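Labels run A, B, C, D and E following the written order; every chain starts at residue 1.
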Amino acid sequence: MAFWTILVKDLRLELRTRESLATMVVFAATIILLFAFAFSAAPAQLRSFAPGLIWITYFFTAVLGLLRSFGRENEQDAYDLLLTAPLDRGAIFLGKMAAFFILLLAAQLVSLPFFILFLDLPLWKAPTAFALILVITDLAIAAVGTLIAGMSLRSPAGETLLPILLFPLLTPILIAATEATDAVLAGQPLEEWDFWLMLLLTFFGVFVLAGTFIFDYISEQ
Amino acid sequence: MKSFHAIRKNQVLLGITLTVALVNLWIIYQVAPVVVEQEMAQKIFYYHVPLAWNTFLAYLVVAITGGAYLVTNDPKWDTWSLAGAEVGTLFALLILITGPIWATPIWGKSWSWEPRLTTTLVLFLIFLGYFMIREFGGPYERSSRYAAAVGIIAVIDIPLILTAVTWWAPEVQSHPQMEMGSQPASILNVFLFSLFSFILILVYMILYRRHVGELTYRRLTQQGGANHV
Amino acid sequence: MAPLFTADHIGKSFHLRPVLKDVSFTLSAGESVLLFGRNGCGKTTLLKILAAIMRPEKGQASLNGQALFTPGYRWRSAMVYLGHRANLYPALTARENLSLSLRLRRQAWDEEAFQKYLDRYGLAGREDEPVRVYSEGMLQRLGLIRLELAAWEIAYLDEPTAALDVDGAGLLAETFRRWRSMSRTILFTSHDLGWGVAQADRALLLSRGVIADDMPRPGEKDLVARLGREA
Amino acid sequence: MAPLFTADHIGKSFHLRPVLKDVSFTLSAGESVLLFGRNGCGKTTLLKILAAIMRPEKGQASLNGQALFTPGYRWRSAMVYLGHRANLYPALTARENLSLSLRLRRQAWDEEAFQKYLDRYGLAGREDEPVRVYSEGMLQRLGLIRLELAAWEIAYLDEPTAALDVDGAGLLAETFRRWRSMSRTILFTSHDLGWGVAQADRALLLSRGVIADDMPRPGEKDLVARLGREA
Amino acid sequence: MAFWTILVKDLRLELRTRESLATMVVFAATIILLFAFAFSAAPAQLRSFAPGLIWITYFFTAVLGLLRSFGRENEQDAYDLLLTAPLDRGAIFLGKMAAFFILLLAAQLVSLPFFILFLDLPLWKAPTAFALILVITDLAIAAVGTLIAGMSLRSPAGETLLPILLFPLLTPILIAATEATDAVLAGQPLEEWDFWLMLLLTFFGVFVLAGTFIFDYISEQ
């Protein structure tokens, strides 16, 4: 219940201003354009770097999205509305996580054509496999990101603390996503790379559990 | 409150720790067999691996006491967490130093983006973040809670990171993953003694750091709080 | 009769500098109590702690015999909080903000009541604008409507009249009377002591981290004199 | 005598909805004038326009015969503004904030005066803390010290008493008297009409986008009655 | 005068929180770690992508820096202090631009060793050439960024406007920087790539002029 309320609220806030999505998409597009330029010298090698490029781009995108998601809570102390409400704080975490997951996925889907167009990546050759990786990785990113943002963005130096705490924790996720994407692009069957998916799912599961329980302790000032 | 070394048991602990450390140094230098292909370089193993294991131990202390702090809100647990984190991170730094020292003659280069090395670096960076949130996360009462949460997150991250390594594409693995149990007794015994020595060092350092932490806490409380920054 | 609300030895420091040292008091059902004290004495801090926005270092509180500050969340269902700032999302409209706040409390939306209160608080016709464009006083009025629509037993209000015009203050006085007649309990701060005493059964003086005085049915002069002695 | 300050036909809309339609008035040197009106009538908007924070769609104003709202900046040197929120950098200390505000006005730092005002406004000993940790009232007091240290001829204050305790309001009343004796001009808003009329030579009623009334030396009752008729 | 006051204020705000340098170091380290990983498959080829990687990192750093630089102004309406002060608004623009330039440069210098060490880039082979690129690009980024941020972050839809306006404008700058860096790493003489520097300088010049004159008109609400 509370979970849905918060999820819907975050999505509505986003639809109203469209700011996170705009930021994320434009940012992704800019990075992709840069990549296209940076690699114009060696288009042949591009393929081997593509998975890394994709996930680096999405990482930065995720940080920008998180900044907005919690920045909005602070503006008029609106977060206090959530904190004083009779609901499990774990639900705040889950709701904001779910909303962020949806936004991140949306931003990625919108920027995907740019990857395919400008970097000439044959992602459409294995759409389900890639979709699977995208969804599962985003779940993991959303879980870790929401937990970390929920605490760092409540403190004065929040915007700087966020990437610093987040990046090391996300590195294993990035690696798994990159390796899995690599395998997909190389045309390997699922059995060859399903352990990366398992790793990502484990990350997701562990952080959802941790977040649900810890969030109560880190929400209050 | 007394200073740390004014307490009898701590003097004894320090004595034992120092003695064992010196004996350990002598054993490693004199007694441990020289591995043929690696010569003296291999002996750093007796530092490198115990340091790594003790790092995990220290970080476990951080997570457990951090959890206790969150639940009880008792600052005593926070001083334990902080002590564990500082000593653990010092040890982690030492892994990151002894590793490359060993690597330079063995691999011919001091660093490679290889799973175990990278994940160790990641762990180290997570704990740098831990200290940053303590420093910049708001007043002590809040930042210490955040730090406890980061400590817990870091520790549930450790097994994930470590197991991830075994799944890694084998062609990029260059860090050895030997089974300690299958080592010859001559190496295993020296290793175990060194491990014991480092556990003593860890315990001593954590106790000492915790004591200082408690003194600082009391002093600040008595003088009516710290300056806001 | 057992008190509705008890606060026991609440303490809170910032960077180990105590702001609240040992705050204890009780409230009975239907009481309206003014919390007053000098600028920076810790009134906002205390209200935030009671509303579960801040975590105290020590102390307990209970409402209806149920312990507050515990890990669960049911203890928060009988209370509402209206802070200095409006606790609203600037990008959402008035309607959306309030319907959100009700949904968070698991209450159903009541359009009729909403329209009634909009009208009463002078915001009729502006309910579908994002509250980003509201003036200070309008925000405060909307915050009060939020409390009107919610079901609760105890409310914490931090300087509710600060941004209100004369009409608004009168309206709020009337609202306080209505709430008290519903035997709801109100703990509020106000620097407008005249307005404050008129709405309060008791006044609690917060000073040097403790409740330094508990004055039943005081006059404005009493409070001013008492504050003066505290300096 | 020519007026010190003239506002002529000032108009301002948001999204084509006019908030100020045609605001004209004059102020003489040394006058203290209360700008009052209902929540949302446009007081803050008007003060922001005069302080050059907002741009009006039409109208002019002049101070000392010099036109305001012109591209240069010299016309801003005779004025100060203290808004709803404190206009301070939370991460800087009180001392840094004030020394910055003086440097922006090309004034030299006066440590002695600073200490004197800190003392007077009850902030002594806290000048080297970042103002992020200040309470609402403390922020407001610091904002007032900013005005005390600055050199100016006209000040715009938006609800200066809103966060102040009784002492603070008394202190500010005294300060107003001092400023007027220096023949400085003050245009301020306040919902505390009692306090307001006590400090004002005149009261301007802002309603429906125009100055609906200009009341010399009114009593509190007059204002309340006048506001009532406007509803 | 006003220029200096604002420059000093911004730098002090940054130093005050003490977060800046420490966080920049850790930030740089983590980003480079991400790259090293994302591209670990082919370290030898990494060289050819290095310029792109460097500038993508710096791009992200710049965006975060800009968000902070103007976010701070809005917190307690502190910006009103600048607006009501008797000073030319062009000086606000120039002061904030200069401060942002210095911070960006500092952040880059701090992270440079990591690039050199971990990604094995021989930037030290042409230190003056690279320094030149760094300084000139940062000037251009600072000019464009401050102008756009100063205009968009004062409006409610600011966070949406900022990326949409800023990123496309920054793209040519980043491309120029990437190309120039590429040329330097390839050991080309200045004549071969001074074209890019001229482009960057033009950007800088145009935007400084525009900013100085336009800022008055876009500062007020």
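Quick notes on this structure:
The definition used in the following text is that a contact is a pair of C-beta atoms (placed from the backbone, for glycine too) under 8 Å apart; a residue touches a chain by one contact, two chains touch by 3 or more.
Note that the structure is a prediction, hence the values are computed from the model and not measured.
Touching chain B and chain D together: A, C, E.
Chains A-E form the pair joined by the most contacting C-beta pairs. Rotation relating chain C to chain D, from a C-alpha superposition: 180°, rounded in steps of 5.
Taking each chain's centre as the mean of its C-alpha atoms, chain B lies 48 Å from chain C.
Between the Cα centres of chain C and chain D there is a gap of 29 Å.
Inter-chain spacing, taken between the CA centroids of chain A and chain B, is 31 Å.
Centroids of chain A and chain E (each the mean of its C-alpha atoms) stand 25 Å apart. Residue positions of chain C touching 2 or more other chains: 14, 55, 84, 90-91. The set of chain A residues that touch two or more partner chains comprises 17, 156-157, 160-161, 164, 167-168, 171, 175, 221. Residue numbers of chain B whose C-beta contacts span two or more other chains: 118, 122, 125, 128-129, 132, 136, 139, 145, 227-229. Touching chain A in their complex are the following residues of chain B: 70, 118-119, 122-123, 125-126, 128-129, 132-133, 136-138, 142-143, 145-146, 148-150, 152-153, 156-157, 160-161, 164, 167, 169. Those residues of chain A lying in contact with chain E across their complex are 17-19, 22-23, 26-27, 29-31, 33-35, 37-39, 41-42, 45, 48-49, 51-53, 55-56, 59-60, 64, 67-68, 71, 156-157, 159-161, 163-164, 167-168, 171, 174-175, 178, 182.
Of all residues in chain A, only 1-2, 5-6, 9, 12-13, 16-17, 72, 75-78, 80-89, 216, 220-221 touch chain C in the complex they form.
Taken together, the chain A residues at the contact with chain D in this complex read 156. If you check the complex, the residues on chain A that touch chain B are 147-148, 151-152, 154-157, 160-161, 164-165, 167-169, 171-172, 175-176, 179, 195-196, 199, 202-203, 206-207, 210, 214, 217-218, 221.
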